[in-house]
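Two complexes follow with chain A in common, the first pairing it with chain B and the second with chain C.
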Partner chain A sequence: MDTQSLILALGDATHAGRTFNVMPVAGDDPVLQIAVSGADETPVYLTVTESQILCLVYLFEESEIRASALPELHESMLRISVPMPLSALGKVENHYVVYGSLSPTSSQTEVMQELVTLADNAIDLLQTFEDFLE
Partner chain B sequence: MKAVLKKLLTAMRGSVNELGEAVVDSQGSRILEQELRDSEHELKQAKNELAALMAEVASLNRQIKTESDSAESREQDARKALAAGQEELAREVAERIVGHERRKAELTQARVQLEERTRGLKDRVQKAEKQLAEYRRELQVVKTNERVLRTTAQIDTNINSNQSSLSTARETLERIRERQAREEDRQGARAQLEKELTGQDLDEKLKAAGIDAEQDSVNDVLARLKGDQPS
Partner chain C sequence: MSDKKDWPKEVEALKAVQLAFDLSSDIQRAFRVAAAMQDLNTSAMVRKALNLPYRRKRIRPRITVTLHEEDFEQLAARYNLPADDRAAIRQRVAEELGQFATAFLADQDTPGK
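The block that comes next holds the complex of A and B.
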């Protein structure tokens, strides 16, 4: 599974009543921005490496969180990460992210399931953690 | 692995420079890749040596068996010679037997040494294989980290060139709420349309005005039943 074939496959695909708007992100590595219908506000970024298909959504920046609330936010994120379906919470540079990784041999259906779940989870998480924002 | 993870964490804490750009350390994986190649080379060599040693042991085993067999068959010859009263011939055969047994002892001694070396080499192979698996695991972590940093840097650059900046979580939440409100409105309108199409809305209005066809017929039936009764 590479990004080129994903662009072609996701373009006309429907999964659980959802469609996908795919845009390549310019740069050296193959990265896609994918908006899932009904969750367009939280685009999923996808990249394929030799060992995994990595999908991630930006939630918020560290600077957007009330400094005094950071420890409680971290505790909540760690706890909620385990039961959340197909996704985990993490931090890259100053971005808090929700992400999921799949085997590079995953089927198109599995990738679509991941994308839909991740975009929906991102919205639920944003609304859940809204109180921690500045 | 612990050392690699600690190094990564230290790098992550200080990896954003003043411009907020990711500093990717590609040196880390290059060193690991070299170590991996060295380890693979070492493993291949050790395995070749091991194969050669094992072949040598097998060959020694064959030679030992030959000497054993020869000694055994000469022993029968010697017994036959003695039985025939050929004392001199029996002595000659006995000398041969001694020769076979001496060679067998030498070969067995050589085999013991080879087996010792084989054990050492097997140990080396096992260690190299373990080291190799460890390097592969470390390399995967380092490479994935580099890739994630490069990917997010690429996404950030892209967002910054398409919009003035990354939208804040509050802005995103606002957009989500607007969409959810639109969806609710649409659902409400759909339900209203459904009622109009089935005439359910008119029934509700009549009921509200105290006009209820169903209730009226029940009352009619009751009145008739009452009328039938003899007073």
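The block that comes next holds the complex of A and C.
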């Protein structure tokens, strides 16, 4: 599975009643920005390496967090990350992210399942963590 | 960490995603600003940039602000007015918004900005 075949496959696909708006992002390495219908506000960034298909949604920046709430937020993130289906929480530079990774040999259906779950999880997380933000 | 032979490639992939996110954010911001300046919604602005047909929705250039009790108190303190003199406070709010708009538009017209 590579990004080119995903562009073609996702463009016409439907999974659990959801469709996918795929936009390649200009750059040296292929990265796709994928908006899942019904969760357009949390676009998924996807890239494929030899080891994994990495799917990632940006949640918020460090500067958006109330300073006094930071320890409690981190504790909450660690606890939520385990039961959250197919996704985990992390940090990239100064951005908090939710991500999921799949085997590069995953099927199209598995990738679509990941994308839908991740985008929905991101919306739930933004609501869950709202009180920790400025 | 560097002992893991595949991880440097994953770090590179993560950097590529970060660059893509930054670029997308910049593009989105540019389109929101361009749309606002042309009284279009963002999706119409995107269609216009691509020379596709778009619908120009009539956007009423109306500014409203809902002021709550605590807002009046805060503004009264800043304007040095009694908190119950709401007409005077509203007048000062209107003046301040007008000043902001004048300064903003002058700034936009300055060459090189």
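Throughout what follows, the second predicted complex is superposed on the first by the 134 of 134 C-alpha atoms of A that agree within 3 Å, B and C clash if a C-alpha of one lies under 4 Å from a C-alpha of the other, contacts with A are read in each partner's own complex, and residues count from 1 in each chain.
The criterion applied here is as follows: a contact is a pair of C-beta atoms (placed from the backbone, for glycine too) under 8 Å apart; a residue touches a chain by one contact, two chains touch by 3 or more.
Treat the numbers as computed from the prediction; the structure is a model and nothing was measured.
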Partner chain(s) touched by A:V92 [first = chain B, second = chain C, both, neither]: both
Chain A residues touched by each partner, larger count belonging to chain B or chain C: B
Chain B versus chain C as contact partner of A:D28, first or second or both or neither: both
Which superposed partner A:E130 touches (first chain B, second chain C, both, neither): first
Touching partner for A:T47 - first (chain B), second (chain C), both, neither: both
Touched partner set for A:D12, first chain B, second chain C, both or neither: neither
Contacts of A:E64 with chain B and chain C, given as first, second, both or neither: first
Doubly contacted residues of chain A, that is, touched by chain B and again by chain C: 25-29, 31, 33, 45, 47, 49, 51-52, 54, 56, 58, 92-93, 95
Parts of chain B lying in touch with chain A, wherever the complex brings them together: 15-16, 20, 22, 140, 143-144, 147-152, 154-155, 157-158, 166, 168-170, 172-173, 175-176, 179
Of all residues in chain A, those that touch chain C in their complex: 25-31, 33, 43, 45, 47, 49-52, 54, 56, 58, 92-93, 95
Contacting residues of chain C [partner chain A, same complex]: 6, 9-10, 12-14, 16-21, 23-24
Touching residues (chain side chain A, partner chain B) in the complex: 25-29, 31, 33, 40-42, 45, 47, 49, 51-52, 54, 56, 58-61, 64, 92-95, 123, 126-127, 130, 133
